[in-house]
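See below for the structure under consideration.
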Amino acid sequence: MKGLELFTTVTYAHFLFLSFVLFALGVLGVLLRRNLIVVMMSVELMLNAVNLTFITFAKALNQLDGQIFVFFVMTIAAAEAAVGLAIVVAIFKRFREVNIRFFQFLKG
Amino acid sequence: MGADFLEVSLNALKLIFFFLMMVQMVPLLVWLERRGAGFIQDRLGPNRVGPFGLTQLLADAVKFLMKEEFIPQKAVKFLFYGAPIFALIPASLALCAIPFGPKFEIPAFSFWGRHWGPYEFILQGYEVGVGIVFILAAASLAVYSILMAGWGSGNKYSLLGAIRASSQIISYELALGLTIVAVVLIYGTFSLNEMVTLQRGPLSFEFFGKMVTIDFLPNWGIFYQPIGAFLFLAASFAESNRLPFDLPEGEAELVAGFHTEYGGFKMNLFFIGEYGHMIVASALLITFYFGGYELPFLTSQELLAIYQEAFGVGLTSSLLNALTHFAVFMFKIFIVLWIFIHVRWTLPRFRYDQLMELGWKTMLPWALGNLLLTALIYVASKTY
Amino acid sequence: MSSELLFSLLIFAPLVGFAFNGLLGKKLGGHLYPGVIASVASFISFVASVGLFQLVSEQPEQAKYLVIHAFDWMQVGTFRLPVQFLIDPLSSIMILVITGVGTLIHIFSIGYMAEDPGIAKYFSYLNFFLFNMLILVTGDSLPLLFVGWEGVGLCSYLLIGFWYEDHEKAEAGMKAFIVNRVGDAAFLLGMFVLYSHFGTLNLLELNSLAPKEAIWNWLDPITIGTLLLFVGVTGKSAQVPLYVWLPDAMAGPTPVSALIHAATMVTAGVYMMVRLSYLYTAAPYTMIVVAAIGLLTAVLAATMGIVQWDIKKVLAYSTVSQLGYMVFACGVGAFSAAFFHLVTHAFFKALMFLGAGSVIYGMHHQQDIREMGGLNKRMPLTYWTFMIGWLSIIGLPPFSGFFSKDEIKWFALASDRGGNWIFWGLAWVGSLLTTFYMTRLMAYTFWRDKKYSADHQPHESPWVMTVPLMILAFLAATGGFLGIPHAIAQILPGHPNHWLEHWLKPVISLPTIKQGITVEYEWLLMGLSVVGSFTVAMVTRYLYLNRIDLIDRTRERFEVIHKVWVHKYYVDAFYQKYFVENLVLSSRDLWRYVDVGVIDRLVNKIADVTKELGRGFAWLQSGNMQNYAFITIIGLIIFVLFLFKG
Amino acid sequence: MPLPSVFFLAGFVTLFGFLLLFVASKIGEVVRDRVKSETYECGLPVEEKVDTKISIKFYLTAILFIIFDIEIIFLYPWAVSLKEFLAQGLGWYSLIGVGIFLLIFIFGLWWEIKSKALDWE
Amino acid sequence: MVEALLFWFLALVTLFGAVAMLLVPNPIYAAMSLVVSMIGISGLFAFLGADFIAGVQVIVYAGAVLVLFVMVLMLFDLKSETQAFSKGLLSRIFKVASVGFLLGGLIGVMVLEFSWILPVFMQSSPQWTMTGVKKMAQLLFTEYMFIFQILGVLLLVVAVGAVALARSRGGTHERA
């Protein structure tokens, strides 16, 4: 598989590649962004990248367990977002700060 | 989208047709609303332009187009312009997933020296397997246009209105979702087309091992889900920001909600979006509870047979059949839309706290109860 | 109903009762609810065991058991430990006894513990005990049995120290616990030995794998394993030399003594040996040890029982003595007789303990028999039921004790697995001693003139306490008909066979009668026992009621022996001097030199090093989440690199 | 899912809206005015700092919406395949399983109502 | 060919959203870019035949989670982020380089495993979709029933915890 065929035929590897790239972008967001809320969004992106791999493998292996796991991951992600944002907002209300560097003072 | 050029282009035309239909229904509805309001309030309403004032809205549209394109200083230009455009998308995506009529066939023919077809078309933008989920997903995007508008205007009243509107929409989405779960439970499918198919013929169901058939009633969902239908109607009022739930636009408190700063054609697009939601809601109500495009006592196959007897098997009869059902569906939709309009001019508006508490403390528990009851009766009647 | 359902009822009813009383009992308030709930739970369990018994009896003769598989506990290599339960003739009788007697004792406790503030706790423990005991007797492998074994030990500890405000009582609980640990350690070792030899710990498999021929070898793993298990038995079933905890265990509430320290838990060791009868018969040296220890216990405990003044202590030594009989019976291979005695003993000893409880209750918690007397008038129901227990334990026909004890004595002589005249003689003497001290107890408690002060008017117990007494009295009176001796059966119309022996035949190893011992011997032994017991009872009664001076004089004459008996052969003192004190001393030395000198220094050093290291690495915990994430990512990269290898 | 159709439609709608707005902006007469382009806040002078004191309730509503929304979504697969469960004789099993889930759901709702998290004073 | 076009379109949309989220300084725009990315991923799910999951993806992520994000960002006016990225050129280079290394490693592993280079065929007939959903439901409510219940409890805990947190005034110490 080479040349133009790489673009005209879609393979599972394409999806995996895409999900790797998305994951890497999410990691970069986590590592580089300073706004805590954006960091949380980057985490969501990472989770989605993993979801994409799950779905790809579910299709490739013809097993629906992957889809169920995506379901679960979504639930966890939503729960994480709800609680995480609640914490961020609680801190923001008090300290007016969402910079991730600020949170290092919480290490105790 | 299709196997060959013709099918692809026909399908594309179909989609455009459905979208334009939605857009074109808006002036009609506004006219209906204003005339209706007039009659309800013992006035005449618009009656000067054209017969019965029917072309009034055409004139309005022209006026909208002529308006000055205006943008406030503090607005975020991208969001400010994006919001009204984006407002159209959820409604049109959802509308195109609703079946408006049965399938019709174009038999094979030769044209331009090659063979085409046969084709099978359906009076529906596109057929989605997980229809309801698709529509819910599309509808859940509607919040963004509101938030974009509210934030993009750079006006705190707009923002306040946007937050209130989106809070309201998501609150009622829960009750709506639960009601739909009960519907899904009854039909056992997500596909709207299948739902319509299942509602054909006289009312008949299996009840504790016996088949019960009631000939004088159609097999419509309303008879299985009476509470659900009412809850759905109420929730869709709130979802489409209609009175008595039009709090986001409460003039007294919020000037005009999230579109305070909007005017001219942008405002018109919001209008189209909102009426589009209304149309989608009524179409869904019809599809879930009132038999979709089907006639009450005559299934589409029977009607097709009648047509085929009269016009012979072929394009004519199947197209006629489809168009008849399209008309039936539109008729039903207009009845529901009239209910929307009528309610608007009958009931007073809620206060915001009442609205939210109604959503969370009344609608949600009722929808839950409805679901539990449905599930219990369903399982019990099928196992014993 | 399926066996699974019945079995879960059996097991979970007490567990639910335990949880309910333990969690909510105190909240409910009232002194009635916890008892009623616990009793109902126990009764449900009893009903379930009746059902299981029925199911077992419906099984075909070749496979007369039910196996209930719950789940797999663990699997380590080839060692697979399923949590599986076995209901066979043996355990079906056992669960009947446990739940039946247990229910009666629960009901009795409603009255006895009515005034206690910790009643909910009490009943939750009691239910939990039932649960563990049921696990013990139904578990189909030694580890599972051991789970129940430890569980009942825990409950016993909790219930002995139930009134933990009293320091002595709390210590009694600890003593029971610690002494049992010695036995349990040996039990575990025995399990290891058996597993390494047989490769399984399943009870049925162990029995079927046991060699058919006896192995006369002290160093054979079977001998060692069974001996080690037997050390566990001496702990749990209070045999010499580990019996010392049982008399102290009387610190607990009396119904507890009845249930745990007489009827059920202490018989667990006997049950275990009966369970592994084929294994034990394969190890004749073990059998000799078992028989000797059992007989020694039976006689020594009886002698100590003679000099006790506490009504419960007397019964406790009697229990130790009777347990000695059971163990002895196992030792001579008469497992069915041992089990028979286990059942009848459960009836009459529970009866007597509950009777004692009733007396204590009536006497306003007075336990010294010297302060009693003349209670037969004030507490007629208690008196008559106690009387049946007495008749039963001294072995007068047709009460149950006669049948079971006589069978043991018969096998003491006639078993081809080591029966002889010496065994029989000692057993006979032991039974006469039993008669003596039990009659003494009767005389002091009931027959003598009243000794209590006027402001301590004893009163009859309420019906929740007397009804269980009456039911148990009925059982103690008739329980013996489960196993009518062959000699008697031959002259009875219809020749009823020894039902229990017949019932147990599929699961346990039965002894054969020695050559040359005929039915006439059996009649002779029976006669000697009955006549001996009767005479001793009459003489004792006469002496204690009319010629108490003779008793006193005898005591003064044999002051030395008396002193030895009162001091329990100085066993406790011995332990105190050579184990406990040494332990304390050596612990102190250990603490002083090893702990402070070596370990503490080492630990401090490690702590210092860690602190230094921590200071060095502290920059890593900067609180900057992005750095943490970065470190995680580096870990991920390393993981990905590993993927390349595979 | 007929993805091409969906994206075609979405694209068409966007284009449509964009074109209309473009045309409107070309046709309409534009009169720039400083006051007109100020933020309209009922004619009152605009306060510079938009220090929105918006009730925390809105945000709480959104959080609770997420949670309940997911719980409802979990019901969809069950509802749609209840017929299949019944056919396999798993009707009651699945109903009880979902019933427990719904009980937890109802308990959550009840708690929210009781703790006045849903009250708008 | 249509499939390839569709895939590349979706992939570009997704990547565009993700990159925009990473680079746009204003968090509100970042959130909206993430919405675009989510919709793209949902499309990819649908491409892979998981239509129901695709719908749920939009409903949950775009319709609920990110609405919450956007709402919070708007409510608390968090747009005034002076510095979008963390400081330190060296550490930034180091981080980007290691992420690149990670990506390279992942792709390397995938390339070594040739079995994934198989063409994907889209299946989109409505009946096929519904069968897939029902199969998934069968699995979810039998094999994964316990996890499903646990998630119910988790959501309850989250609901309670979020309410408690939202009401708290934030922090336990006095403001330094």
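Note that the chains are named A, B, C, D and E in the order they appear, and that numbering of residues resets to 1 at the start of each chain.
FYI, a residue touches a chain if its C-beta (ideal position, glycine included) is under 8 Å from a C-beta of that chain, and two chains touch if they have at least 3 such contacts.
Everything numeric here is computed off the predicted structure, so don't read it as measured data.
Colleague: Spell out the chains that contact subunit A while also contacting subunit C.
Modeller: Chains in contact with subunit A as well as subunit C: E.
Colleague: What shortest step count links subunit B and subunit C in the network of chain contacts?
Modeller: 2
Colleague: Starting from the Cα centroid of subunit B, hunt down the chain whose centroid lies farthest away.
Modeller: Here the answer is chain C, farthest from subunit B.
Colleague: What's the farthest chain from subunit D if centres are computed as the mean of the Cα atoms?
Modeller: C
Colleague: With contacts defined as at the top, give the pair, B-D or C-E, that has more of them.
Modeller: Of the two interfaces, B-D and C-E, more C-beta pairs touch across B-D.
Colleague: Roughly how far is subunit B from subunit E, going centre to centre by Cα mean, in whole Å?
Modeller: That pair's centroid distance is 29 Å.
Colleague: What is the distance, in whole Å, between the centres of subunit C and subunit D, each centre taken as the mean of its C-alpha atoms?
Modeller: 67
Colleague: Determine the centre-to-centre distance between subunit A and subunit E, using the mean Cα coordinates as centres, and give it in whole Å.
Modeller: Here subunit A and subunit E have centroids separated by 5 Å.
Colleague: Taking the mean of the CA coordinates per chain, how far is subunit D from subunit E in Å?
Modeller: 17
Colleague: Would you mind listing the residues of subunit A that make contact with two or more other chains?
Modeller: Residues 27, 31-32, 71, 74-75, 78-79, 81-82, 85-86, 89, 100-101, 105 of subunit A each touch two or more of the other chains.
Colleague: What residues in subunit D touch two or more of the other chains?
Modeller: In subunit D, the residues touching two or more other chains are 1-2, 4, 50, 52, 54, 58-59, 62-63, 65-70, 73-74, 76, 80-81, 84, 98, 105, 112.
Colleague: Residues of subunit C touching 2+ other chains?
Modeller: 626, 630, 633
Colleague: Can you name every chain pair that touches?
Modeller: Contact pairs between chains: A-C, A-D, A-E, B-D, B-E, C-E, D-E.
Colleague: Can you name the residues of subunit E that touch subunit B in the complex?
Modeller: It comes out as residues 2, 28, 32, 35, 42, 51-52, 54-59, 62-64, 67, 70-71, 74-75, 124-130, 133.
Colleague: Can you list the residues on subunit C that touch subunit A in the complex?
Modeller: 621-626, 629-630, 633
Colleague: Using the touch definition up top, name the residues of subunit D that touch subunit A in the complex.
Modeller: On the subunit D side, the touching residues are 59, 63, 66-67, 70, 74.
Colleague: What residues of subunit D sit close enough to touch subunit E in their complex?
Modeller: 1-4, 7, 50-52, 54, 56, 58-60, 62-71, 73-74, 76-78, 80-81, 84-85, 90, 94, 97-98, 100-101, 104-105, 107-108, 111-112, 115, 117
Colleague: If you look only at subunit C, which of its residues touch subunit E in the complex?
Modeller: These residues of subunit C touch subunit E: 626, 630, 633-634, 636-637, 640-641, 643-644.
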